[in-house]
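Common to both upcoming complexes is chain A, partnered first by chain B, then by chain C.
Let's look at the complex of A and B:
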């Protein structure tokens, strides 16, 4: 037990003394996860809206596929993106392997099903009186769409926060596509795996603490948004 | 003058006919009361008059013209207050001004305040309140204020007093009469409360089993 206690003390030392290696992993994690969540919401929210709002042939099948993708293992996504961006892959010419945009592609694939499924559910389950109210107050179709998105805004934010929680804590994609390159693509999770493997528990714990703080922030936001969405 | 003219209307849900009207004419500038037992097709009729759903058969003429539910312009003349109105997740002021906003009209603070006062709610107290800070009766009256603010040609009210106390019911009655007399709004009101409905209406229509059983003037 002693080494855990010692590791914890050293972890706080590393964090508060501004250890560049520790903070580099934190910085890279925040950069890549911000990029990923931006594109996840940008692409996922309209898709979720269409899936929840419109009635078309094959909609149920699409919903089922989306729900299945919710449990897509990160290493499988990593493998898929690796095969796409590696030199022989169709996106090989863009030089995305072992870069942050490469990791972001995989993380968008990870977060998208969460946003699509949650937004589709929110729109589908929104009060049936809402559309009638908007129409009867004189809104045209575009105004109905805009107002519906605004009315379900807390659910949209909830979807974004939930997807962010999954993105920031994944390791498979970052490891396989990013390559865990120090100062460049080493994220919190890949650094924890590496440092623990080397027996450097202190840095692992320090990064774990940061990840826990982020996770706490995410869960706190989820709880707040859930309360607002329920009102 | 004829406001609505319904001819050979048939509406079915899942193959089951819920409303069959051979002919019905509703006049402009008056209050028409519609009553009948549960499941008689009153709400379906209101949805058709609000251009929210089209009949499977038959035609609806509005102000002498054939109609289609895809026309937003029609829904900007006719507005419906449902039994359990939905309030947008915004402040009372934003709820009342939404109808003006979608019409591209600039809203002045006076319009929302006047509409609130018309339904017996203090503008000073209620304008800044959020949707979740209202009781059921207050929400019903805010929803009515939102409809009055857009100054519609036709105001449809589906069971507007079903969840209200006596005082609020009286306020709704006064608001309906004022809309007719001062704004020249035509009103069509569905209610279970036949006595209240008769007290406010110029004519009444009885619907039973999806068919018009009788119409009565005065």
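Let's look at the complex of A and C:
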């Protein structure tokens, strides 16, 4: 028990004394996860909307594929992205291995299915009566689209936060594509794995506390949003 | 909407800042021992100060480091498996292999020494461990230490105890393997540098003790290799050579010799010897 207590004490010391290695990992995690979630939403939200709003052939199959991709294991994504961005791979010329944008590619792959599936679901389930009412009231298609978009705003945020929670806590992609390079690609999760392996539990616990705060913060906002979205 | 626009702007600024390629970045793959011990943390800021080169390293086993070199994913290697390194250079993947420093491997085990191997020569000790079926923790990751360990089992006239119940292949770095050995009451082989670091981290309180050391076959040479630009056009061979020359310089060699934990020297410099 002693070392857990010691670890916690040391953890707060590291955080409040501004230990540069600890804060570097926190900063890098925030950078790369912001980059990832930005592109996840940018690409995922329109796709999800189209998938939920439009009726076209093959739509059901696409929905099934996105639902299946929800359980994409991070190590497999890591492996996949590694083989893509390694110098021998098809994207090798861009030099993305061991960089934050490289990690972000994998994290976008991780977050996309969540956003697409959740947004599609929300749009699909949004009040279809509303559409008819609006049309009877003389709204044109553009106005109906706008109304539907507005109605799903909370669900979109909800999808974003859910995807963010997964992105910020993953380790497989960051480790394999990022390489856990100090000051550059060492994120909170890879640093915890490293420090624990070295037997330096205090720094691991300090970073664990920060990750918990971020993850709980995200979940807390999910809970709040859910209430607002009326689910 | 304003907030969203601000966020967009912030990200638009952030992306190029992160993707910005600095000219003088040198990417190195190295073994876990040079990183875990803190040697690189001590030396590399000096190197950056002297050369203006931003060196970044990923700490993995020697086997994986060589594979990254073959894939052209790094510019320089700092590794410790002379046999595999020579083959790497001979096959044209690397150039200018330069020996920099050495220490030695030791076999550590539980203080009670269940297989009674204390003070034995290596081959006899491994035979005794196998005969007693005493737990043995292996790196199991094709690292330099792992390659050495495998060669020692073979030298002792045994097949590598791959699937034996008492033989644990962890697939982890050296410090992790030492921690696992301590938890499991197992023997393991480590380089002396990482062993001293392990003692330092645990403030000397550990169930493990050195049981076999001093055998000539336990010599452990560390070398640097530049990736061959003829095979990997993107490899920054000039920066790599600058790094190797700096590591072999009297200043860095002295710093390597002066790097101590618990008053003990972890690596002995031997460039040009």
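The rule is simple: the second predicted complex is superposed on the first by the 226 of 231 C-alpha atoms of A that agree within 3 Å, B and C clash if a C-alpha of one lies under 4 Å from a C-alpha of the other, contacts with A are read in each partner's own complex, and residues count from 1 in each chain.
Here is the rule we go by: a residue touches a chain if its C-beta (ideal position, glycine included) is under 8 Å from a C-beta of that chain, and two chains touch if they have at least 3 such contacts.
In this text, all values refer to a predicted model and were calculated from it rather than measured experimentally.
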| item | value |
| --- | --- |
| Contacts of A:181 with chain B and chain C, given as first, second, both or neither | second |
| Partner chain(s) touched by A:46 [first = chain B, second = chain C, both, neither] | neither |
| Partner chain in contact with A:88 - chain B first, chain C second, else both or neither | second |
| Which superposed partner A:100 touches (first chain B, second chain C, both, neither) | second |
| First (chain B), second (chain C), both or neither touched by A:217 | neither |
| Partner chain(s) touched by A:137 [first = chain B, second = chain C, both, neither] | first |
| Partner chain in contact with A:147 - chain B first, chain C second, else both or neither | first |
| Which partner, chain B or chain C, touches more chain A residues | C |
| Intersection of the chain A residues that touch chain B with those that touch chain C | none |
| In the complex, chain B residues that touch chain A | 47, 50, 52, 72, 75-76, 78-80, 82, 84-86, 88-89, 98-99, 102-103, 131-132, 143, 146-147, 150 |
| Parts of chain C lying in touch with chain A, wherever the complex brings them together | 7, 11, 14-15, 18-19, 21, 27, 36, 41, 56-59, 71-73, 172-173, 175-176, 179, 198, 201-202, 232, 234 |
| Chain C-touching residues of chain A, taken from the complex the two chains share | 31, 34-35, 38, 86-88, 92, 95, 97-101, 179-184, 197-200 |
| List of chain A residues in touch with chain B within their complex | 127, 129-130, 132-133, 135-140, 143, 147, 150-151, 153-154, 231 |
